[in-house]
C-alpha cells in the first residue's frame, strides 16, 4: 500500500530562484485491481491477485521551501509494488502525496504506462500554475 | 459496423482536477469503402469487399464526470474491423461516439493511417477547448 | 480461411542466377483462436470470436522457375483476416503454401507479432538450404 | 506539365467541425530547369534535359466544403514528373492549385527536397489563417 | 518463489521442421537478494527486503514435441516478482525450468537487466546445439 | 529505356589490392509496367502509362582493371526514369550491364524498393565470388 | 577570406506571399584563429595555421523581392574554408552578408559546430521579426 | 572545489544584436556528497569519499558585453571533478558563477544527470528574461 | 592508481554450463598522461595534471569457477578516476587484472572512448578462446 | 599534399596480445580533382580549384611493435585538406602510408564519403590477414 510517510525533504538550496527539477522513474510497477477492487495485495498470492502493470513516472516541479529527497522518493514509489490501483488514481495520488509533502510552487506528474490489450495510456496531472 | 453501445465508463477518480488521459491504439483496422459506398462488410467476402486500412488511433481527453473504460474502448475499436469507412469519417465518428459517451471537458482524436498509393494521411479532430 | 489458390506466379526473369527476393508485409492480421479451436470466423461476430492479432510477415526466397506475383500474395495474406489461427501454425502454413506454389530453391518466413500479455513473439521457419 | 484539372474533391463529411488533414507524399519528383528555363520536358530526352529533383511534399489543411480526393492528388503530383520547375515555384504552385480546387479554411504546403550541391532545402508556404 | 509447475505446453504443430520461436518479455522483475541470501520475500515488507531488479527476458528455442504455452509462461515469469535472486541464477534457472518442461532441440535465454550502480548486465545461457 | 552505353570507366588506381567500392543511389525511379508489358514509355503520357516506382539501389564491387565513373553511373540510372520495368528485371539488368562494362572481380546489386500495396520488396543479385 | 560578392539572387517567384525557405549546409568548414588573430590563411601552410572547425550551417528566411541563388550560396560558404574566424563572428557575418545581399523580411542563421575540447557550440542569430 | 576565477571572457563581436550561444558539455562529473556534507574531496581517497556523478551540462545565453571563453569554461567545469556537491546546488552555482563572470542578457543552465537508484534527474535554472 | 585488490568474486552458480556475462560501464573516466608520463595524479591538482578522458567499458566473459562481484567491479573502475593512463594500456590492464582475479574461460574488454582531437578510439582486447 | 612524414608512433604497450584499435575521424576533407588532374591546390584559389569532398575515415588495426600516435594521425589527415585526390586513391594511399609507418599485423581503412550527384560512396581497403 502506498506509504506517503516515506517521503522526506531537504531545504531548497536556492529558494530565491524559480528553477525546475525533473525526476524520471522508469521502473514503476503496481498491480491491476482484481475484480475492479483496489487495495493492498501484499498478503495475497500474486497469481490470485491482479496482473502487474509497468510504467515510467516523470515528476517535474518548481521547489519552494524544500526539495524531495531522491532516495525517499524511490522508497515511496517502491511501496506501490504490491498495491492494486488504477492508472488514473495512481498518478493523481502520487501528485497529491508529493504536493502534501513538498508544497512546490508548481508540480506535474506524468505516468506513461506499458501497452495493455493493445492500448497504451499516458496520464498527466498538474498542481499549481507556472 | 461501429457499435457505440459497447463503450462503457467509470466515475472519474479525481473530478476536482483538470488532468489529461492519452490512449494510443496502434492496431486500428477497417476496410476501404468498396465502390465508394460505406457500410458493413461483415457478411461479404473480404476479397470482394474493400482493401484493409491500418492506422494508429490516439485519443486524448480531459475527463469530467466519467472516464472511458479501457477494455470497452478496445472492443469498440475492434467493431470497425469489417466496416467500410473513409479516414475522415472514421476519425470524426470516433470523436462523436466518445464525446456522446464520456462528455469530456476536451477531447482530441488523431488517426495516423498507413501509406496508400504513396501518400500517408493523418486526420486530427478536436471537441471542446482547453 | 487462408486460400492458397489465390497465389499466382510469373516466370523468373533470370533463372540462371541465384538471387534473393525479400518481401515485407507489415499489415498482417488474423484472429486468436476462440477457446483454442482454430477455424474460419468470417460468419461470426468478431466480438464473440477471438481477439485480433497483428504482425509483420517477412518472406525471403531464392526463386527457381517462377516468382510469386506481388498482388496475389497481398490477396492471399488478406485471406487470414477473419481466420482464427495460432502464430506457430500461421507461419508454417504460409511457408507450406508458398513452397507448394513457387517451389523456390530456398525460402524463409518470419512472423514478427505484436506484444500480447506483455510477451512479443517472433516465429522463423525455413525450407531448403542455401 | 502540372495539370491542376486532375484534382478532384468530395464533400467534407463533417463541415461543422474545424479538423485537420495532413497528407505526406514522400515520392515527389520533378526536373531541375535546363538553362534556367522552366517548362514541359516530356518530349525531350531526359539526358539532354534537367537533372531530376526529389523531395517529400506534405500538405496540411482544414477543409471547408470539400476534401481533396487522395487518388486524384497522387495523379496531380505525378504530373510534375517530367516538368522543369524550381523548388520555390513548385511549392507555391501546388498551394495555389489546391487552394483553387479545395478552397480550404487554411492550408500549408511543405516541400522538403533532397540535398543538391551539399545544400538541403525546405520550402514552406501557407494560405489563410487558423 | 519461482513456480516451474505453472509452465504448460501444447503439441508442436509442425514437428517435422526445425523452426525457431523467440519470445521477448520486457517486464521481468524480481528482488535483489537481501544480505546476499536468496529466497521467497512474498511475506516480507518490500521495504525491509531487497531492492527491485528489472530486465528484459528473451527466450529463443527450436521446439521438438511441444511448444510452451504463452499465458503459462507469463504466469511463470510473474512468480519471480517477490523472489530474491541473483541475475546469474535467474537466467540459468529459467533455462533449466523451460528445458525440463519443453525439452526443446535448442534453447537460449538472455536476461538484459537495467543498470545498477552504473553497470548494466546481460546474461546469456544456452542449452543444446543447433 | 536503359542505356548501358552511357557507362564509362577509369583505370583502377590500385589493381594490386582486393578492395571494395560501395555506391548507394537513393533516388532510383522507374515505371511499373503498363498491363504487364515492359518497354520505353518516354513518348507516352505518364498518366496513361504505369505508376512510378521508387527505390534505393546499392552497388558493391571489387574492381579489377577499371572502376565505374560516378557521373556516368548517375546518367545510366537516370535512363530508367521513363522505362517500364519489373523490380526483378531491373536489378538483374543493372548487374548485367555493370558486369559487362566494368568486369569486376565480384559485384552485388541490391534494389530496396518502396512499399506497394502494403508490401516492401528488396532484390539482391550477385556476380562472381569473393 | 569570406567573399560576400559571390552571393547572387533571383527574383522571388511569389512576392505576394510570406513563405519560408530553409537551407541546411552540413559541410561548413573554416579554421580556428591562430593565436587568436583572425584572417586569411590561404597562403599559409595549414599545419602552421589554425586547426580546422566543422559545422552545419542552417539559413532560414522569408524572401522579399529576391531569393538567394543556391549555387552562389555554396561558393560563398566555400570561401570560409581557409579563413581563420571565431564561431560567433562567422555566424553573425554570414547573417550580415546575406541580409545585405537578399534583404529578406526575416532571416535566421544557426551554426551548429562539432565538439571541441569536449564542448559543443550552437550559435543562433536573427534579423528582422516575423 | 569549483574555481570561478578560472572563467575568462572575450568581447562580444556583435553586441548590437540579441543572439544566442548554446554550449553542451557531455562530460561533467562531480562526487556525491559523503554523509550529506558537501566540500572538496581532492585530498581524500575516492573510495572513502562519495560516489561519482555524471551528467550533461548545457549552457545557453544571450551575450551582452562579453562572451565566455570556451577553454576557460572547460577548465572551470573540470574543477568540479573532485568536489562533493548535490545536483541542485551544482546547477545553481554554475549559473551564479557564469552570471557573475559574463553578465549575460539572459542565461539558462540545464544539468541532465545519469540515473541513480533508478531515477534520472534534470535540473533547469534560468537568470534574466528574454 | 588502479587497485586490482578491490576485485572480489563469488562462486559461479552454474559451472557446468558455458554461459556469457556482459557488463557495460558507461561512466569510465581517467586522466590523459601529463607530458606522456603515466602515474597516479590523485595528489596533484587536476588543473596541473592531464585532461580527463571518458569512455564506455564493456566486459564480456564466460565464467569458470567464479564470477566477478558487481559492486567490487564498480569500485575497481572508480580507482582509475585520478590515474593518468593511455587508452591502450587501460584496456589491456583491466583485462589482465580481471583475468588474474576471475580466471574466466574467455574474456573480452572493449574500451569505447569519447572523441579527442576530432578522433574517436575503440580498443578491443581478448583473452582465451571460445 | 598528403605528408606521410607527419605520422609518428609509440611502442605497443602489450605486444604479446593480438588486440584491436579502431580510430574514427569524422572530419576528413579533401578537394575533388580539377579537370581530373590530381595534385596540390594549396596555392590556388579554392574557387578556381576543385569542389570540397567530405567523409568519415575509419582506421582499424592490430598493432605489432608500434601504435600510431593520435595527434600525429590528426595532423596527417589534415594535410589532405587542400589536396585534389579521388576517393579510391585517398583510401588506398592512407592505408599505404599507415602500413609503411606502423607495420601492423592487420589493418583496414574505410572511407565513407558524403553524397555527390545523388550517389554515396564507401571505399574499404585492407592489408594483411587476421
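List of remarks:
Just so it is clear, A, B, C, D, E, F, G, H, I and J label the chains in written order, and each chain counts residues from 1 on its own.
The rule is short, and it goes like this: contacts are C-beta pairs under 8 Å (C-beta built on N, C-alpha and C of every residue); 3 or more make two chains touch, one makes a residue touch a chain.
All of these numbers come straight from a predicted model, not from anything done at the bench.
Contact with chain C and chain I alike is made by E. The chain pair from C-E, B-C or A-E that repeats the E-I interface, sharing more than half of its contact pairs by residue number, is C-E.
Remark: chain G and chain H have CA centroids separated by 30 Å (rounded to whole angstrom).
Computed from the mean C-alpha positions, the centre of chain A lies at a distance of 54 Å from the centre of chain J.
Residue positions of chain A with contacts to 2 or more other chains are 26-27, 114, 118. Here, these are the chain pairs in contact: A-B, A-C, A-E, A-H, B-C, B-D, B-F, C-E, C-F, D-F, D-G, D-J, E-H, E-I, F-J, G-H, G-I, G-J, H-I, I-J.
Only residues 3, 6, 26-27, 29, 42-43, 45-47, 51-52, 54, 75, 78-79, 81-82, 114 of chain A touch chain E when the two sit together in their complex.
Touching chain G in their complex are the following residues of chain D: 86, 88-89, 91-92, 116-127. By the touch criterion stated above, chain I contacts chain E in their complex at residues 12-14, 17-27, 63, 67, 70-71, 73-74. In the complex of the two chains, the chain G residues touching chain I come out as 114-115, 118.
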